[in-house]
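Each of the next two complexes has subunit A plus one more chain, namely subunit B in the first and subunit C in the second.
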Partner chain A sequence: MSGVELKSVRKNYGAVEVIKGVDLTVRDREFVVFVGPSGCGKSTLLRMIAGLEEITVGDLLIDGARMNDVSPDARGLAMVFQSYALYPHMTVAGNMGFALMLAGVPKAERDLKVRQAAKILQLEALLDRKPGQLSGGQRQRVAIGRAIVREPKVFLFDEPLSNLDAALRVQMRVELAKLHRDLNATMIYVTHDQVEAMTMADRILVLRAGIVEQVGSPLDLYNKPANTFVAGFIGSPKMNLVGASVSRRDGQTFAFLDGGQRLPIGDVSLKDGAGITLGLRPEALLLSAGGAARGEVSVIEHLGGETLVYVDIGKGQLLTIKTGDQQPARVGDIVPISFDPSRLHLFGPDGQALN
Partner chain B sequence: MVKNKRALVIRTVLGWLIAFIMAFPVFWMTLAAFKTEMDAYASPPLLVFTPTLENFAEMNQRVDYVRHAWNSVLVALGSTFLGILIAAPAAYVMAFHPTKRTRSIMLWMLSTKFMPAVGVLVPMYLMLVWLDLLDTRTALITITLLSNLPLVVWMLYSYFKEVPAEILEAGRMDGAGPLKQLRYLLVPLATPGISSTALLCIILSWNESFWCINVTAVDSGTLALAIASFSNPEGYFWAKLSAASLASVAPILIFGWVTQRQLVRGLTFGAVK
Partner chain C sequence: MENATAMSSLPTGSWFKPTRTVRAWPLMAPAVGLLLIWAIVPLALTLWYSFQGYNLLSPPATFVGLENYYFLLTDPDLPRVVWNTLVLVLVPLVVTVTAGVLLAVLYDGPFFGRGIARLLVIAPFFVMPTVSALIWKNLLMHPVYGLFAWLSRSFGMQPIDWFTNHPMTAIIIIISWQWIPFATLILLTAMQSLDREQLEAARMDGAGATTSFIFITLPHLARPVAVVVMLETIFFLAIYAEILVTTVGGPGVITTNIPFYIYSRGLLGYDVGVASAGGIFAIIVANIVAFFFVRAIARQL
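This part shows the complex of A and B:
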């Protein structure tokens, strides 16, 4: 059992509050990703769990024991840093065995553990090299190896892939997911990249300005975003968010788009004229006749397997439409747009989800 | 091309000229050390003369060179070693755990160098009298150490700042407390900087003369005191003074020459990393 529990955790730097009360339970063997834009406090939150930042208010429990005042090394955690933070003057083996050396583990046992970890990460041939002689991906592996050797209760990752190039990042993402399965370990992972979050997490915590916006499985967040922020942050390309106001006529409820068009929506408990936001994923929109709205195609992006069509529906409001068709329209065409009503997201004036 | 060549010639000549002006006193001192007193006073000055070693022999008769040299070595090494021992933890804390007062403390430390040493001569002298430390190496090491300390802390601070904080944080996660971070991470990583600080400190201590002349005498005087004793009320003895100066400058000059690579590497450590 290696669970992590945060209870109303807050962090202040002087008068500035950067973490504004976070409650979270990370279960044993769970892979939880903290995601959010830069400056949202996700790294600070991770560093608070690691013990590198003090917790101003609230409790941190690891395996049920309060850890607020326990030193970082005694918390049973291992951390992989964004810059890898390898010890440049030590060999790969020295880096990986450093914690064990400090803990007084005999050399023979230390070497054995380092070799085992090196085997998992395919670093055996590099054990005598210094970090300066390694490529970015190899350094990243050493940083992970250093964490594995300690056999921690919980692994902490602080944007570990952001210094790698795109191809290597995808490869390491897959390797990390595999590592999580092989080691059966609890992992907490910080990233600003929602693709990493979606692909690796069991659960995602979306953070904005020190406040938890939503916690849930990747598909929960994708299918049922709690508010416009999560709706816009999760999913690529971004969800289309269109401002509108509620209007009822002949017993039916409509949304009047800011661009002047009218769409029927299901009943909502809001007064006529109330401002709402419609959310539609690019893949939920179709270019088909009999559509509820029309617009002019302003840009087309061909990605090969899919095509992104940007349609102006008035007042410069662009809708992104994703289609599998390679030639769905031409720039300048007026196209009808339709959507599956069950995939329409409605957000109230406060930005919170209505349905 | 021609223009470039002329610029090169001008630069070279200028460079040699400046080097000559800077090295001239040492050169002249070296010449004088091998002249007789008469030759040393000759006007116009002699460039060609019969060299003699009698100045060195006389100097050794008058002052105990070996003892003074030994004192110089002890004071230079002692104050440097202790200075770095004290400054390293201070610089570590200031570089990696600064508070809002760190900046002002550092400026205050540096400001102690603004005051001329003679300003505190009387109180220092009286304190040494009370502590019964006049003419002791302990006193000289302590004073030299304290007067170099601000510089040592500043230099180590700037070298430590070059070490990424995340490396020390990784060390903390691995179980290294402040002392182990210093020993296993910071000191090995800042070795070039620490060595050049030490070298500079040794040179400064070696050449320190004010306190040496004022608070030491026969027992603990360094080479600076030995030189000073050749300018006395009986008159100046150029040749002997030069011989004494040469004998005391030579060790540190050779030391500086041997270590200059290390010195330059350390002083430009951050810039060309």
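This part shows the complex of A and C:
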């Protein structure tokens, strides 16, 4: 059992509150991703778990034991830093075996463990090199190897892939997911990239300005975003968020779009004239007749497998529509837009999801 | 690349081979020539006078062969002088580098009044050697009026007469005081380029303050320490003002190093010939020291 529990954890730097009360239970062997825009406090939260930052208020429990005042090395964690933070004067083997050496593990046993970890990460040929003689991807592996060797209860990663090029990032993403399965370890992973979060996580915690916006599985977050922030943050291309106001006529409820068009929506418990936001994913929109709205095609992006059509629905409001069709329309065409009403997200005046 | 293309367009077997050196030397000649004259003329003059019997009190100079060298090398003071020179290089080196490392690590962390503290630790470097030696001699180490003497007396102890009883130690203290700022400055700058995440990683690996100092900070400082050692060696081999102002090489030759020995032969004894031979000898000693140090250090750089 290697669970991590955060109980209304807060962090202040002087008068500035950076983490504003986070509650979370990371279950044994779970892969949890903290995601959010830059500066929202992800690293701070991770470093509080690691013991590199003090917890101002609240409790941190690992395996049920309170860890607030336990030193970082005694918490049974290993961390992979964004800069890798390899020791430049030691060889790869030295880097990976450093913690064991400090713990007084005999050399033979140490070498064995280092070699085992090196084998998992295909680093065997590089054990005698210094970090300066390695490529970015290899350094990344060494940093992970250094964590593996310690056999921690929980792995912590702080944006470990952000210094790699796009191709390597995809490859390492897959390898990390595989590593998680092979090691059967609990992992907490920080990233600003929602694709990384969606592809690797068992559960995602979305953080904004020190506040938890939503916690849930990737598909939960995709299908039922709790508010406009999560709706806009998760999913690529971004969900279309269109401002509208509620209006009722003949027992039917409509949303009057800011662009001037009118869409029927299910009943909502809001007064007439209340401002709401409609959320529609690009992949939920269709360019087909019988549609609720229409607009003028202003840009088309061909990605090969998919095509992104940007449609102006009035007053410069652009809707992104994703389709598999390679030639769905031409720029300047007036096109009808339709969607499955069950895939419409409605958000109230406060940005929280209705329903 | 351009040379290569230019060459291939020439008829093969041509006597004219356009190389970089051929085209560049007329442009480099003035600079190289000036530097050469700059270095060679004093050296040649010293070498010339070292073979002359030339006392300022009884000119003119006459050729005496190796007599000056014979005098120099059989001078019973010489071993002591060479020893003093080495001591005045090595001991201040150890003191300044050790203190510099400790101060750099200390001043790197955040604390109240750090800006002022940093300025103060650098300050001795701005004091001229003669002035600082005078301050130490008259205000601090003077057996009657000095601050140290006053301190000793207020604790009921006998004041130390530094320049009579511990002259080498006194000079080493003065030199170290002047050069600790230099070491601190360079090492403090180096500390600022130490990756904080490395220290944090070490902390997570179970390293305490001492362990991460030994395994992370010290290796990081190895290069700047090498630079400090190299530069300070050059200056310490030529220490002169501090001795002149305080002990004048004495008592006896207890605090005379090679530069001061040359001065005392040349300008106190008026014997230009022996002084010049001493100069040549100093160059040889400096080269031997440089050979060992620079070779050890160049590997670091």
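Please note the rule applied: the second predicted complex is superposed on the first by the 355 of 355 C-alpha atoms of A that agree within 3 Å, B and C clash if a C-alpha of one lies under 4 Å from a C-alpha of the other, contacts with A are read in each partner's own complex, and residues count from 1 in each chain.
The criterion applied here is as follows: a contact is a pair of C-beta atoms (placed from the backbone, for glycine too) under 8 Å apart; a residue touches a chain by one contact, two chains touch by 3 or more.
Worth saying up front: this structure is predicted, and the values here are computed from it rather than measured.
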Once subunit A from each complex is brought into register, does subunit C clash with subunit B or fit beside it?
clash
Would you sort A:D128 into first (subunit B), second (subunit C), both or neither based on which partner it touches?
neither
Figure out whether A:S83 sits in contact with subunit B (first) or subunit C (second), or with both, or with neither.
both
Looking at A:D272, would you say it contacts subunit B, subunit C, both, or neither? Reply first, second, both or neither.
neither
Touching partner for A:A50 - first (subunit B), second (subunit C), both, neither
both
So the subunit A residues that subunit B and subunit C both touch are 50-52, 72-73, 77-79, 81-83, 85-89, 98-99, 102-103, 146, 150
Parts of subunit C lying in touch with subunit A, wherever the complex brings them together
195, 197-198, 200-207, 211, 215-216, 219-220, 222
Subunit B partner contacts - residues on subunit A that touch it in the complex:
50-52, 71-74, 77-79, 81-83, 85-89, 98-99, 102-103, 146, 150
Parts of subunit A lying in touch with subunit C, wherever the complex brings them together
50-52, 72-73, 77-79, 81-83, 85-90, 98-99, 102-103, 146, 150
Enumerate the contact residues on subunit B facing subunit A in the complex.
164, 166-167, 169-177, 180, 184-185, 188-189
